[in-house]
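Shown next, in structure tokens, is the structure this report addresses.
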């Protein structure tokens, strides 16, 4: 999707606040915890990301990171019907539930440890590309969710790793768990940017087979 | 430049406010007049545009059109040294000048009429392309100012008009008045968008020769 | 002279963003006070420029041009061949008209004008652009989904009509010539001009009401 | 179940933007009250999750892994070959570590990690990401001008060192192994872990201070 999330190479953002902390406000920590502790049933990682990138672009670029997560958590649960817009605005449940059990710090640690998720899948299709192959990425933006950034669209690179098949993000954003071969593709800076800082520098991206063609 | 101005095809902007007026606030009219009546010496149309597109992207997308012009007028004159930042913030001149003469409505009309500017130039280079030629645009973003939008980058189209040579926008933004042949290129919607509404629809852009190669 | 230095102007924009008040009315007031005090413009000139655009320059100019073209075949040809020259007959030349291009709607084609990179517009012919024309939504969507955009304006194209979107990327400015409605045979240019709307000359309206 | 419908979720986001208060603290408070009242989470669990990240999960985990690799060649090989498995020795598996990839700095290469499309990060190994890592400026610039970005962090690469930027576009997460500083021969893993910083494991720091 050609949306505000596709920031790689975009200009005029100015200097990086290199000494910024992990959080500026207590609400940021609380939102981080809320996102991890309260999942909306059926939401895939890619639907979470895709939903986030459909925020109004001016808002996406203006508000702090965890404010986006807050809006997204609400949006995802309004979409499923789990919350209403009014509940989100008022913070009051139409139908209160039984209080949830308290998770101790140890419980939280156990939960956190369980969050590692294996996205690899066995598929019955041989990989189209191998180490060292030259490839070219799709030139035109893909409808819906995609993890091919525009700065690397239509560019030539080289396969430097094959990771087997992984759940395909574009499909995952539609609730479809089909998988495609995943590769790391290395691009020379000069093949991405007309004004590269140094032509020998490279950028590596993890890209699924449907984004790639032989070059 | 891969900046916030490059809006064509970008998603999630939502419905158009089809009944919006020409202005919502009196300050918008006043800024419009200010921009046309007070020019900063040496500013070309393309430097004006390029300066505008270097605003912080979140601001570019958030604020009303004439607020951007206001900031840009200040920025352009701070750049030349005509105003200081402090003068812009306070609205007070460090060194007041002789009051300017009043332009009547008729004077304004005469001025407005004089604002038509011929951007065509005679050059001693034959055009590389002709009516009906198939061309392909540059695939990678151009450093600095450019009038090739990203949605039409790396795309194939057909020349439908040649306008002689016009001052080249990319150069104009650097104060250089060199000219290149200018063409109208028609693109089939299906050559621009994977999810075109109707493949027979077309989009026409006016593009200078340096953006184009034979296809 | 301008620096023509991207990094420098970026930094100035960031400084302005940091130091100016957030209310745009205050910002414009500050700029106006400053330039008046510097003697670069008189306040009354600003008022008069505004009056010029309120009273004399507006879509009625474009309508007058098109009405003449509908009633004068030789002028129609001149308008199609060089609209920048043709509008000088009326004294309508001015801001952004030198390279005007007139594009005609037909039973097979509907034209729509946009400027995706800024908001270019034939000001001297159509007056100030509507806010929607300058909006990010219109700029983003008109090139990609012209039919969805037209639907929001209440326009459904008949079967077989293709859209041709003109993105004003250089100094050409586009003026859509709508189709002359049936039932206006024998109308005077003045009568015809009265039914030609701004939106029909941008392309967000197709049928003219008579 | 989610609708997986782009137009629908866009509209919900616009509605939320229109109706929610602008202060994010109030928005988070509203969401917290709502989910507590619905019985989806207890307030104390939120406090405890925050404590978990404040006390137990942070860059010291990544430092411990790298210090072991520096002092244990067999572990180094396992880390390079399958970091997702190797970190399980420490019980450090968790959020976003399954497909961890360790990339080593050398005298010829400097690695830098970014996620241009969101802000992916190996949370379970490095804790919460710094605000700059999640910023638009870092996401936009790290891939295009890594050397200018490094300069802002105070890093100038020696001649002949090329940068390799890793954009985390899929579910692989990257951990940079900095070069082991000269003068640390014979140090224990604990001593070594103490000098390994978060930024050196993202790649915005190159030389470790000893």
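Which chain is which? They are A, B, C and D, in the order written, and residues in each are numbered from 1.
Here, contacts are C-beta pairs under 8 Å (C-beta built on N, C-alpha and C of every residue); 3 or more make two chains touch, one makes a residue touch a chain.
Since the model is a prediction, treat every value here as computed from it, not as a measurement.
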- Item | Fewest touching-chain hops separating chain A from chain D | 1
- Message: Suppose chain centres are the mean of their C-alpha atoms. Which chain sits farthest from chain B?
- Response: D
- Task: Have a look at B-C versus A-C and report the one with more C-beta pairs in contact.
- Result: B-C
- Euclidean distance of C-alpha centroids - chain B vs chain D, Å: 40
- Query: Where the centres are mean C-alpha positions, what is the separation of chain C from chain D, in Å?
  - Reply: 49
- Message: Measuring centre to centre with CA averages, how many angstrom lie between chain B and chain C?
- Response: 14
- Note on the structure: Multi-partner residues in chain C (2 or more other chains touched) are 10, 13-14, 136
- Item | Where chain A touches two or more other chains, by residue | 1, 9-14, 54-58, 61, 151, 192-193
- Task: Pick one for the touching-chains graph, please: line, ring, star, complete, other.
- Result: other
- If you go through all the chains, which pairs of them touch? A-B, A-C, A-D, B-C, B-D
- Message: Can you tell me which positions in chain D touch chain B when the two form their complex?
- Response: 10-11, 13-14, 136
- Task: Report the residues of chain D in contact with chain A in the complex, numbered from low to high.
- Result: 1-6, 8-10, 12-17, 19-20, 24-25, 27-42, 44-46, 48-53, 55-57, 84, 91, 93-99, 114, 116-119, 124, 127-132, 134-141, 143-149, 152-154, 162-172, 204
- chain B residues within the chain D interface of the complex: 12, 14, 57-58
- Parts of chain B lying in touch with chain C, wherever the complex brings them together: 1, 5-11, 13-18, 20-27, 29-34, 36-38, 40-45, 47, 49-52, 54-56, 59, 61, 63-67, 70-76, 78-80, 83, 85, 87-93, 95-105, 107-109, 112-120, 144, 147-149, 151-152, 163, 166-167, 169, 173-175, 182, 184, 186, 192-193, 197-198, 200-208
- Touching residues (chain side chain B, partner chain A) in the complex: 1-4, 9-14, 53-58, 61-62, 139-143, 150-151, 153-155, 192-195
